[in-house]
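Each chain carries a letter (A, B, C and D) given by its place in the written order, and its residues are counted from 1.
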Amino acid sequence: MSEKEYIYFPGCSLEASAIEYDMSVRKVLTSLGVKLIEPDDWSCCGSTPAHSVDHVFAAAVAARNLAIVEKMGACTVITACPACLSAFKKAHHRMKKEEGFKKEVNAILDEPYNCGVTAKSVLQVLLEDIGPKAVAEKVTTDLPDLKVAPYYGCIINRPPEIMEFDDPENPLAMDKLMGAVGVKVCDFAFKVECCGAAFGVAKRKMVNELSSKVLTMALDAGANCLVVTCQLCQQNLDLRQGQINSTMGASFNMPVLFFTQVMGLTYGYSSQEMGIDKHNVNAESLIKSRRPVEERIKEEQEKAKGKKPKAKKAEEEES
Amino acid sequence: MSYVAGKELRIVGFLCNWCSYGGADTAGVGRFKQPTDLRIIRVPCSGRVNPLFVVKALLNGADGVLVSGCHPRDCHYSDGNFYARRRLEMLKRLLPFLGIDERRFHYTWVSASEGARWKNVVTDFTKAIHNLGPLHHKEEKTE
Amino acid sequence: MRVGVFICHCGNNIAGTVDVAKVAEAARMMPGVAFATTYMYTCSEPGQEEIKETIKREKLDRVVVAACSPRMHEVTFRRTVEKAGLNRYFFEMANIREHCSWVGEDKALNTNKAIETIKLAVEKVKQNKPLFPAKFKINKRVLVIGGGVAGMQAALDCADGGLDVVLVEKSSSVGGMMARLDKTFPTVDCSICILGPKMVDVSQHEKINLHAYSEIEEIKGYVGNYQIKIRKKATYVDWSKCTGCGACIEKCPSRNAYDYFNFGVAPARAINIPFPQAIPKKATIDAQFCRQFIKGKCGVCAKFCPVGAINYEMKDEIVTEDVGAIIVASGYGLIDLDKLPEYGGGRYPDVISGIQYERILNASGPTSGHIERPSDHAEPKTIVFVSCAGSRDKSIGIPYCSNFCCMYIAKQAILTKDHIPDSQSYVFYIDIRSPGKGYDEFTRRAQEEYGAKYIRGRVSRIYPKGKKMVVKGADTLLGTQVEIEADLIVLATAVTATNDARTLAEKLHISYDQNGFYVESHPKLRPVETNTSGVFLAGACQGPKDIPASVSQGSAAAAKVLSIFSKDTLESDPQIARVNTNVCVGCRKCIGTCPFGAIEEQQLRDGRIVANVIETVCAGCGICSSTCPCGAIQLQHFTDNQLLAEVNALCLT
Amino acid sequence: MTIEKLKEAARKILPEVDVVIGYRQGFDPLHATPYFMTKPEQVDQLIWNSLCVQNLCSYLPFLKGKVGVIVKGCDSRTIVQYMQEKLIVRENVKVIGVPCLRVISVKKVLAAINQQSVKEVTFEGENIVVKTPEGQKTIPLADVAPRKCVTCQLATPLQYDVLAGEGIQSNKPQDTFEETKEFEKLSLEERRAYWEKEFDRCIRCYACRNACPMCICQDKCIAESRDPHWTSQRANVTEKFMFHMIHGLHLAGRCISCEECERVCPMDIPVAKIKKKISMDLKELFGYEAGMNPDDTPPMYVFKVEEATIEEHEL
């Protein structure tokens, strides 16, 4: 596969609370032959704290980073964090649409941003630029016990006119990728419901209620693990799972992994390399049955042989 | 022809009776406020508008001319606006060659139900003409 | 020349923002104007009398009325001046209401605009020539497009009035949407029981010629003399032989054809008769699903048909019909469920549309009237109805109300309770719209007698939970969120124009609004006419309508046709092109550009070739006039000189 | 020698037609004039040289019966355009094509000899030699050729029944509308002033119209009629402007750029300029060139439901 290069914006949480997300992203993309370049002197993306007080300022903070990327001569920046992504896309979208707003924002910046950069999520890159086929080729390991419910959260593909990726009501990007790496995917109705987001401190109970709904739905869907694209969701669902159990009187024990971690595991990386051990809810029990992918393939072939005559019969009924 | 000094410019509109003229009526019924400059000449079809009418108006004192017919495919006479489109496009390209800003002539499509759209067309075109100013240096009589 | 100008106050509509007295004063100064006055309501009886008297008293030979739009009252006043002995074309209208008093805010500017608009009309009227309509024979046959309840009503009324009717229906049976309904509100009487007899009448009426499974191919001509090309689509069954016995359907092996009649509630056979009361009761093969067409082998139906009616070789056939008027009753469509992803439309089998539920309720439907949900055929106990599913939603481009959903939801809630006494219905609504006779009482009955729980608010999301569907929404009256675990969700999907509404409109040369519904020529006073004379509207093709409204429009349209057909001849509009043979140089450019082929070559005695207009064919568009280099062919009443007079009135300083 | 071939052709055709139109010497040595031949002996007076500038096709729509006509390459576009507009019956016209590389512009020659009277004109190779009372002047033909010859692509006529001489290829560069594009570089005000100045000189003699092969209305022209009354007889620039717009727009998609209008203008008004601009636009819009293909229809008399090249104009 041809060598790809991307400007990669980690963002604050991927350097700290969600460092395992960063680890897995870098490893997975490297094994897919993608080179990541981190812009020098990148700064806050301008998400929640900023845009909840001042839109111009928030846009400026985002645009500062985009301007840096522009200066590097690139037209795309990728990030794993949905908050950074939407911060970038929102700023870009409005600056592009409103000349006045653009002037206002650029007035604050030393280096003006000329709207030449498209922000993409790692998810989008994997699905559209690299594609499920290439993603599947790298799989070495099978995770037979893993049954995942893909949980997208609220902002990775909404509002649609700004994010311009996947279906806002029923996204399928992760479903496809998980399918591609041979993991069982459960159809799950709560893909984009609210997890409580940044209210974890202010309104703990509400967050617990909302997150517990997500976990319940995942269980009902027959999943034993959630895969996510957003470290805030991950936090609310994993870090607070104990909290949820106590507030809601429940007994959830469902690992919440980043989709890149699951991909990494199927690529043969160890739990440590993927930082699985950094999570609260232990996923080992689901992973330990891992085996070379060839075994699964053999199994499937046998199954198929078993099926053959039956399928034939159906055919005859048809005609 | 009497003018209201300074406030108005001379804008002539040729409107298809079946669509745009009705659209202007709809705008009226809906009380969509518009600038008052436009004077409307009713024609059965935009295809009736010989480009020479536009030239005649512009040469003789109009500051702007607007032709509005039915949306393509929606012509009451099936083909009228198709001919209009070609002939008026030819004219629009010729005007600047004669030293007349092509923005002084606009042709568009407004249906009988598009009252709001009509209001916008009139408002925007009038604005455009006022930005361009008078085409003729005539002494404007006051009322 | 003595022009008289009559300026209408129109109560305050004009006088409120235009200084009419000043306008009259200015009008008196205009060259050629002998008299000018103002009047409170010019269109009123005394107002018209005033005009007639003044014409006589002042010896006026031209009249200008400055009032509302000519599209409103031109005809009225033409009649008035004619009664006073003037040719009706010695009249012009100055539109100082819609185009002036109603849209301008500055009284001084409005007044000036009114004056100039009148000047325009005066200059035009001075150029006017007397015109005299010719008479032409009319073909007293009528075409009705669409065999729904509106179309059938129109067809029957016309036929009973003694007209030959050509009824064209797209699907293989008449009946339309009403035939699909189980019961009708607010009487809850059986829909097909009241429609069935009408369908039979249509099929048996000797004056009605029904073309089922047919579509309009082409329409040529003008009021009184239309030539219609009708495409009879291939049914692959010889209907002259088919007895509707249904043996073929029994035996048909391809069992997952889409069932258009039942909106896909259950699969149908590739050869099918849509419903037991179908008229005509004849089978039709759906080539999309028929094995004979897909695989090239099967022929089962042909084998089993007792009368040998099956004919796989059948081709579409074009028939032509000549008529004098057209009634359009082409009905409505519904948005697809998958346009509503937040409700899981198209994703979850137990989220269905109102019309689908109607079929499930219907005894002749795929479940023979037993309410069961699609996913597992279980009997639902909790049913949630979501109104305005798409309607009144700008975000998906449907800003309007679909008119009858509120009522059929109430009906369906009532019927649900009848079918399943221990069931509970919930209805999410924005507003309950029940303005009809007995309608509001009906929606109350649904709540009070049948215990349907009405929740004012919108649904945000619908998702499966085990065997149930969870409906998440807001109760705006209690100001809380609600979650209901339901077994079946019924979406009152928005009413839209049919997907081929626009193409049909283009064939008819009638206009449609931004939503694809046909535009009537006046929203209040000419609700079933279009701007194309001879073409009338009935039913939901003009906008969402319930049954009584559609039926009344069907009758109204029929009445209109009968009234124009009450004479043997029609007056042709004299506003058509006329050739000045002394000037015509015979360059033939007009002939090539006329959309109606109304111009022919004619050789004069001196051998010169000149153009000649066929009066009955000319529709009066004037393309020829703007094409003719030497101005030899002039559209009467819109001649170059008349338009130039208007241009000069405005421009010459 | 072309002239011999022409005479031979004319003689051959004469019996089959009522008249053959060619050129003969005009009122002075610098002018050729149209010549209507009905008898064989007249053919001897036929001439052919660079003075034969007139577009003889212009007579065809007004002549009944069968006609023979001598046609240069540029003029042959007239025949084609007439065919498009069905203004002639091709069978009734015997076209004697004549290969031609360039004619001269009388105006340019007179300018070169500062308007003296002409005693004698001879041609030496690529030069024209003009004898005047003050002596003689030798001018390269290329220097006094009219504009249309500079970019002429039709050395051999598009249409002919007999060709007098061998078909020759044009050796001229394609017309790229340079002049038009140059003019468009001026500001709006400059352009407007330009036309007002030019048209102000117009004396409304209608020579341009009368010489125009496409002005088929001739004495029915709306510039002179009262019904319709497009222009008054007032001698102000507006009315003159209007007349030239009428001429221009009536030729939209029909002008075969023979530039007769400009040749005959006594006031030297560049009347062909506007027509050229329209031709340029219509070529760009509809890929149409008048008088090239008999099966075309002029673009103002047809339409496409979807016009690929016309975009809706926003305000």
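Quick notes
We take it that contacts are C-beta pairs under 8 Å (C-beta built on N, C-alpha and C of every residue); 3 or more make two chains touch, one makes a residue touch a chain.
All values reported here derive from a predicted model rather than from experimental measurement.
When you average the Cα atoms of each chain and compare centres, the chain farthest from chain A turns out to be D. Computed centre separation for the pair chain A/chain D is 74 angstrom, with centres defined by C-alpha atoms. Separating the centre of chain A from that of chain C, both taken as means of CA atoms, is a distance of 50 Å.
Measuring from the averaged C-alpha position of chain B to that of chain D gives a distance of 37 Å. Centres computed as Cα averages put chain A at a distance of 55 Å from chain B.
In chain D, the residues that reach two or more other chains under the touch definition are 230, 300. Taken residue by residue, chain C touches two or more other chains at 593, 627, 640, 644, whereas all remaining positions touch fewer.
In chain B, the residues that reach two or more other chains under the touch definition are 51, 56, 60, 73, 79, 83, 87.
Chain contacts here follow an irregular pattern that is not a line, a ring, a star or a complete set. Pairs of chains meeting the touch criterion are A-C, B-C, B-D, C-D.
Residues 167-170, 189-190, 193, 217, 220 of chain A are the ones that touch chain C when the two sit in their complex.
Taken in their complex, chain D has these residues touching chain B: 180, 183-184, 188-195, 230, 238, 241-242, 245-246, 248-249, 252-253, 274, 277-278, 281-282, 285-286, 299-300, 303-305, 307, 310, 312-313, 315. Put simply, chain C touches chain B in their complex at residues 69-72, 95, 97-100, 102-106, 108-110, 112-113, 115-117, 119-120, 505-506, 509, 511-514, 519, 531-532, 575, 593, 595-596, 619-623, 625-627, 635, 638, 640, 643-644, 646-653. Those residues of chain B lying in contact with chain D across their complex are 51-52, 55-56, 59-60, 72-73, 79, 82-83, 85-87, 89-94, 96-101, 106-109, 120-121, 124-125, 128. Against chain A, the residues of chain C that register as touching in their complex are 341-342, 344, 347, 461, 463-466.
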